[in-house]
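One chain, chain A, links the two complexes that follow: it is found with chain B in the first and with chain C in the second.
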Partner chain A sequence: MNPDVVVIGAGVVGACCARACVEAGLTVVVVDRGAVAGGTTGGGEGNILVSDKEPGPELDLALLSRELWAQMAGSLGDSFELDPKGGLVVATHQHTLDYLLRFADEQRACGVIAEPVAATDLPDHEPRISRDLAGGVLYPQDMQVQPMLAAAHIIEAACATGRTTLMTDCAVTGIDVDASGAVSGVRTAQGVISTRHVINAAGTWGGEIAALAGVELPILPRRGFILVTEPLPPLVRHKVYAADYVANVASDNAGLETSAVIEGTHSGTILIGASRERVGFDKTLDWHVLGRLAKQAIEIFPLLAEVQLLRTYGGFRPYCPDHLPVIGPDPRVPGLLHACGHEGAGVGLGAATGHVIAQWITGASTSIDLAPFSPARFGASHVA
Partner chain B sequence: MSREVVFRFDGAPYPGRDGQTIAAALIDHGILSWRRTRVDDQPRGILCGIGVCFDCLITVNGEPNVRACMTGVEDGDDLRSQEGTGYAQ
Partner chain C sequence: MPSDIVIVGGGVAGIAAAVVAARSGCSVTLLDSGSAVGGQYYRGAKSPESGSGLSYEALRRAFDELVVARGIDRRLDTYVYSLARRDSGFVVRTRGDDRHRGDVDVLESRAVVIATGAFDKQLPFPGWTLPGVMSGGGAQALVKGSDVLPGQRIVVAGTGPFLLAVTYALISAGGNVIAVVEANDPVGLARHAWSVLPAAGKSADLAKFVTALAKKRVPYLRRHRVRRASGTGHLESVTISRVDGDWRGIAGSERIWECDALAIGYGFTAQTDLAGQVGARMRIGSDGGLAVEVDERQRTSVPALMAAGETTGIGGVDLARMEGLIAGVAAVEQCGRQAALSDAAIARGMRDVLKLRRFADALHFAFPVRDGWRDDVDDQTLVCRCEEVSASKVRGAVSDLGARDARSVKLLTRAGMGWCQGRICAPAVDALCRFDSAASLIGGSYRPVAVPVPLGAIAAES
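And now, the complex of A and B:
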């Protein structure tokens, strides 16, 4: 096997990278030590948001990504439940509303559609919403997909071209370099794959892959839990969340943060996310966290107090110290590219990530400046 | 011997035993399915039997989505098979 590109990781980001490379005319092998979507992609939600992004490089990436997701959904025949439902961000108090409205003004200047909604008009958009809210902002560009279906169908479509091979249950154990220090191959549990380009799409484990190539990448896990209700007739139309969520996403607090994010799904269940905690890879269920999420959700949708919860699940978001993903070539190892560290937005940002990575490999100019996402921003340290 | 109870399933009376789960009481009478799925209208009854899969949902005394495998049958229970989400649309 001698593909143009080896993608490490079969989550949503690896899937998008594989597809974009294939569309750019490259041959690809996707390698995962587990199953497709067996990592964080199978432990999160599928929101594609512009609403929670502050002006800056991540928002630019998000705006491009939502266009590309819509295109992908068009060409893959609605296989992953893309729903352009729009987001509704609400504030429980006047001072949060003031903050939210200022935030929306800044976003609007960058091309986000953000429509203020007065408290009295909220029920027109969400009939079951609490009558005790201060107001909100509607974001029609927010969308949602089913992330596991998305990863699986995108990889399947890439394989159907005959130019992508998928290897699951196949751990990457080493990255080989030639005499000049450039990538020459990937060692796996099933043998060596020769290649000139490796895309590190290993999500929360991206730092381990970087270390295999002798370089450091500061990616750490940020745990999140989600509650799943019993299936219900459609009650929640948008993705609805409290304005505090935006502050939590950008926060550096190591402790527990929760802010309810509520959304209906195709199957009728309502998902209530999501907590944010830095507790390493500890999977222990924490009732305190779940209780706080439930309480906050009930504050926004009082009828949820009568609804049963079926289960909870969670995952570990891959985060970098500055909360930006790492996307692009690693100047320390020619041929090594990173596409990881997307924290709580890997689904949303996945499509654009694959797109710009494929552009870079084929020598095209990238749709977005990759400098803010470069691994060089962490300082060029090699691992001994 | 455990005490006899009488419950109703879709209106008809059936005997059961105190301490039995609703699922066991129904299966005792050869009733294997008491729900139809939301999307494809397929029949459902017990699958895991230990409260994990939520396949065995049934409406008990007007409350939908009760797990038949985890809930004891009680004298006078009104059990109804369930369509879709169990909530009138």
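And now, the complex of A and C:
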């Protein structure tokens, strides 16, 4: 086996990388130590958001990504429930609303569609919403996909071209380099794969993959829980969340942060996030966290108090100290590229990530400047 | 105030544990989701026959007395949605039934006994979701609990001696059972089981069932299986055929019987949710199903957590009672007290558990579930009823989308995401996908919310 590219990780980012590389004419092997979408992709909500991005490189990436997601949904026959439902960000107090409106002004200057909604008009957009809110902003560009289906169908389509091979239950045990220090192959539980390019799309475990190539990547887990309700007739139309969510995403607080993020799904269940904690890879359920999420969600949709919690799931967002993903070539190991560390935005940013990675490998100029995402920003430390 | 011991489940195992624990001076809270104790087996038992020693009747009388005398905190219509460890003990979160929506409580205890029993194992086949088709346990509960017959012409099918118990309950209530369809060949296979029958004291029950069947001239077909249920809006007929040793249909032997009720039983699935929440080690029982692993004192791999009854592996009511006693002793000792049961009685109980467990294993060996049922599951057959996921979708997740275990099938198809949280369909999904069952079953059995609970109720805990 001698593909142009080996993608490590069969989550949504790895899937998008594989697809973009295949479309650029490359041959690809996707390896994953488990199943498709078995990591953070399978623990998320499938957000494709521009609303929570402050002006800067991540917002540029998000705007490109949502265009690419729409194109992918078109060509893959909507096999993954892409829903351009739009986002509605609401503020519970006037001072939060003031902040939210200023934030929206800045976003608008960068091409985001953000429409202020007065408190009295909120029920026009969300009939069941609390009447005690200060106001909000509507973001029609926000979308949602079913992330597991997205990863699986994107990989399946890549495999159907005959230029991609998927190897699940196939842990990577080493990354080989030649005499010049450049990537020459990937060692796996199922044998060695010779290649000149490795894409590290291992998400929260991206640091471990980097270490196999002898380099350090500061990616750490940030735990989140999601509550899933009983299936209901459609009650929540948009992705609705509290304005303090944006502050929490960008926060450096290691302790618990929660802000309600509420949305319906195609199956009728309502998903309620989002909590953020830095507790390592501890999956222990914390009812205090779940209770806070429930309470905050009820503040926005009071009728949720009577709705049954059916299950809950959790995952680990891969975060970097500066909250930006790591996308692009690693100057320390020629042939090694990173596409990980997207924190909670791997689905939303995945399509653009794959796009620019494939552009870089094929020598094309990238649609987005990769410098802010470069692994070089962490310094050039090699693992001893 | 924290209890010494919380017992989850008021079936025979839970009651036995409660009696031992309360007599030994421990404070006991017993939780049960039903409106009376007794569990599945003694559901609605009206007139307790006279019982002595360790019979259920004697235990039940003792339990009722101890509720008054020793203040056993008996909470009925109470569901446990979460079990968690805290320091050296446990936190048990409960909710009331639908009449008490939002009635949530958080209990603490030094030790916990899980005696949550089991539920019917169901396997999909064409037509299995038609009204009129029900589990063996469902049919039995209907008759024993509500005195209602499931239909005018009833077929009982599946495998195992439980079919005889179901049939007995139905004909005792005046039901017209037109046949019992047994997929295995107990005469050929079960010599080992018959040989341990007398030792386990089971022959009386069996004789009672067989005599009743003979008296009503109910045909008992061996090596036959229901292949399909048919009808418009309701069950109208079943297709049965002879099957080979692997349960594959023998061509040309199909027959169609008119009937309006089908009670079908393939054994039981242990209710292991709470043990799974605290990470107790599981094992694959001799029936191929998941069970909580316990030592000779019914202690799980989690300190201060005991399990008894069907939760530790399907074995029947007598085994559950003995396991409950031993689990009660272990829980008392965990609380630093002396059990009010002589060493000799404890040793005898542990010997009985071994003997009855051997008997259960022999039965499972004699009445296995063979792979041939999978061949009948056509593309349209629903595997997950809650989310209406068909067999073709489940198989497609494996063949086309890279699913490799129960969890990834669930994420890609929604099989197991609905109301029952995969309790019914998970074993079927594993079997249809030919997953390595131990790892996949255990991986698919983690359910952080054991029963639905209102968001408003959990918000109160924030």
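In the analysis below, the second predicted complex is superposed on the first by the 384 of 384 C-alpha atoms of A that agree within 3 Å, B and C clash if a C-alpha of one lies under 4 Å from a C-alpha of the other, contacts with A are read in each partner's own complex, and residues count from 1 in each chain.
To be clear about the criterion, a contact is a pair of C-beta atoms (placed from the backbone, for glycine too) under 8 Å apart; a residue touches a chain by one contact, two chains touch by 3 or more.
The structure displayed is predicted, hence computed values, not measured ones.
S.K.: Based on the shared chain A superposition, would you classify chain B and chain C as clashing or fitting together?
M.R.: Clash - chain B and chain C, as placed by superposing on chain A, overlap.
S.K.: Is A:M148 touching anything from chain B or chain C once the two structures are fitted on A? First, second, both or neither.
M.R.: So A:M148 only meets chain C here.
S.K.: Please indicate which partner A:G291 is in contact with in the superposed arrangement: first for chain B, second for chain C, both, or neither.
M.R.: A:G291 contacts chain C only, not chain B.
S.K.: Give one of first, second, both or neither to describe whether A:V28 is in contact with chain B, with chain C, with both, or with none.
M.R.: Neither partner.
S.K.: Give one of first, second, both or neither to describe whether A:A37 is in contact with chain B, with chain C, with both, or with none.
M.R.: Touch partner of A:A37: chain C, not chain B.
S.K.: Which partner does A:Q308 contact after superposing on A: first (chain B), second (chain C), both, neither?
M.R.: both
S.K.: First (chain B), second (chain C), both or neither: which does A:A10 touch?
M.R.: Second partner only, chain C.
S.K.: Applying the touch criterion given at the start, work out whether A:L166 contacts chain B, chain C, both or neither, answering first, second, both or neither.
M.R.: second
S.K.: Would you check which partner chain A:E230 touches, where first means chain B only, second means chain C only, and both and neither mean what they say?
M.R.: In the superposed model, A:E230 contacts both chain B and chain C.
S.K.: When the complexes are fitted on the C-alpha atoms of A, one of 135-143, 153-161, 189-197 or 315-323 in chain C overlaps chain B. Which is it?
M.R.: After superposing on chain A, the stretch of chain C hitting chain B is 135-143.
S.K.: Touching chain B in one complex and chain C in the other: list those residues of chain A.
M.R.: Overlap of chain B and chain C footprints on chain A: residues 230-231, 267, 308, 310-311.
S.K.: Which positions of chain A touch chain B when the two form their complex?
M.R.: 230-233, 267-268, 308, 310-311
S.K.: How about chain C: which of its residues touch chain A in the complex?
M.R.: 82, 84, 93, 101, 277, 387, 397, 400-405, 407-408, 411-412, 414, 417-419, 421, 447-449, 452-456, 458-462
S.K.: Please give the residue numbers of chain B that touch chain A in the complex, ascending.
M.R.: Against chain A, the touching part of chain B is residues 38-39, 54, 57, 64-65, 84-87, 89.
S.K.: If we count contacts the way the header does, which residues on chain A are in touch with chain C in the complex?
M.R.: 10, 34-38, 42, 148-149, 152-153, 155-156, 166, 168-169, 227-231, 267, 269, 272, 284-285, 287-288, 290-292, 294-295, 297-298, 304-313
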